[in-house]
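I've put the structures underneath this note.
One chain, chain A, links the two complexes that follow: it is found with chain B in the first and with chain C in the second.
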Partner chain A sequence: MTLAKDKVGIICCSGEDFPEGTISRVATRLVLEKLRPDETVTLCLPLFLAGGEDERAFARVFPTIAVDGCGKKCAESGTRKFSGKPVATIVVSEIMKKYPKLKAKSRERLDTEEMELAMKVAEEIAEKVDEILCKKVTK
Partner chain B sequence: MQESHEVSPQPTEGAKVAIVACAGMDKALGSVARACAFTIVERSRPEETVLICIAPLVAEVKPYSELIKKHPVIIIDGCAERCATKIAAKIGAKIKGRVLVPQSAQKYNLKPKKASDIGPEGEMLAEKIAEEIAVQIDRLLGK
Partner chain C sequence: MKKHTVVVIPCSGIGKSLGTVGRVATYKVTDRLRPKETRTVCLALLTAGESEALKLVRENPCIAVDGCTAQCSKKNIEASKGNLVHSITVTDVLRENRGLKPEGVIELNAQGNKLAEIIAVTIAKKTDEILEKEK
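Showing the complex of A and B:
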């Protein structure tokens, strides 16, 4: 028997209203493509919210991390509403407080400074992924 | 009639048109939808449009849930799931136009690279769709 490898689902807000939403999106892709490609999958928030049963079922079974751009925490509240509370929530605007020199300015294209900020957020997401998977192993 | 040209011919009251894009994470076409929305609201028709963040709509967070009922809405869906349309319709948006990015990609024979980097063809596709939507916006506002 082959046991399915544990995965962590990442649901990001991708909000269009603030630059932080774009940071959430880019940071999530950095985790998926560079930092933890084998340990993570992304759940499409619009599909999840529109009634995508596969996405919702995944979030009911596997641990999820919500990545929100702002304090409205739409990714977290959407996940909680349809599948259960995410194991962790990362809020970009909160992380930015730790790096006051790094500013998010553009909703559309990230410059070098904004990419650095996105990488900081991505590293925090990756850290949470490791925590979650490690916890599961030691249970 | 191709779906990307669906539009109400009557001018609609209100000085702005609301744009709702899917912002899907999974596919490059979702990223094109997002890029297209920014092209319209930041460069092409900044005074005539308002961009609606899709996630807060489900939680009926103001002002998004109010704006989407107040203004005529143009939807940009990134894939056949049509999530943006479903979400907007569910909360009573006045949908006046819809674009399905895969259809436009086929129409213009342009293939975006990937979700994190749509590449030159993806950028061009976003521009082409934005041009079509700008025409729809002008028509809706009676210009």
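Showing the complex of A and C:
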């Protein structure tokens, strides 16, 4: 992992047991690949938790956003424990309340409706990225 | 004798497609190949020390499915004092199947899916072996 200036680290839970974990993962990749490719990097949460020093160093120095599937907030608590409090936390199950028609059903492959939900989550992450980088510039 | 469920835990590494291969292989086993004999658990929840997740991995045989040689799933199961009985690393399986070029993290390409299928069959066979020994 290369440390770069003005990047925001996005750490998602990727929760394996629930569809919301898959939404957190896909939303994170949508930000990285499509919405804010130049402003973001992702950190592998299991590597981070297993002692990946590059990941932990990045999260100590650069702002991070935790993306959690549910209220247990494993990505947020893991980041806080090993590096410092994330600047923002996005919880998929909370965002879903705003879009009651969009359901998370599959853990493996997202259908069109689930991809739409993932994009809604991705847009909220991207908004936070902009807020964070804007604050850095104006400081 | 108490019947166990085999707990299959992928690393879900998000930086490269190999993490997705491990994750998809896991769902092929838990949702289709051996739905009654296996389940998964959130690795991050386990690492956070949640009591139910810890109990699950300590009382049942676990198979770690890792994307790369960092073996984060294996290490985190061991750190949780889980009953790790087998570990699979996607890069090892890829070495035996050099023709396959897995790509994609959001969605795997066909070759990535093929690799996931190969790994899923291996996990299913291992599950049968583990549960057979308990009989």
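Operating definition for what follows: the second predicted complex is superposed on the first by the 135 of 139 C-alpha atoms of A that agree within 3 Å, B and C clash if a C-alpha of one lies under 4 Å from a C-alpha of the other, contacts with A are read in each partner's own complex, and residues count from 1 in each chain.
Keep in mind that, in the parts below, contacts are C-beta pairs under 8 Å (C-beta built on N, C-alpha and C of every residue); 3 or more make two chains touch, one makes a residue touch a chain.
Note that this is a predicted model, so its numbers are computed, not measured.
Peer 1: Check chain A with both chain B and chain C modelled on it and let me know: fit or clash.
Peer 2: Partners clash after overlay.
Peer 1: For A:Asp17, decide between first (touching chain B), second (touching chain C), both and neither.
Peer 2: both
Peer 1: Is A:Ala75 contacted by the first partner chain B, the second partner chain C, both or neither?
Peer 2: both
Peer 1: Hey, what residues of chain A end up touching chain B and chain C alike?
Peer 2: Shared contact residues on chain A: 12-17, 21, 25-26, 28-29, 33, 42, 44-47, 49-52, 72, 74-75, 77-78, 107-108.
Peer 1: In the complex formed with chain C, which residues of chain A make contact?
Peer 2: Residues in contact with chain C: 12-18, 21, 25-26, 28-30, 33, 42, 44-47, 49-52, 72, 74-75, 77-78, 107-109.
Peer 1: Please give the residue numbers of chain C that touch chain A in the complex, ascending.
Peer 2: 9-15, 19, 23-24, 26-28, 31, 40-45, 47-48, 50, 70, 72-73, 75-76, 79, 105-107
Peer 1: Quick one: which bits of chain A touch chain B in the complex? Just the residue numbers, please.
Peer 2: Chain A reaches chain B through residues 12-17, 21, 25-26, 28-29, 33, 42-47, 49-52, 72, 74-75, 77-78, 81, 107-108.
Peer 1: Applying the document's contact rule, which stretches of chain B touch chain A when the two form their complex?
Peer 2: 21-26, 30, 34-35, 37-38, 42, 51-56, 58-59, 61, 81-84, 86-87, 115-116
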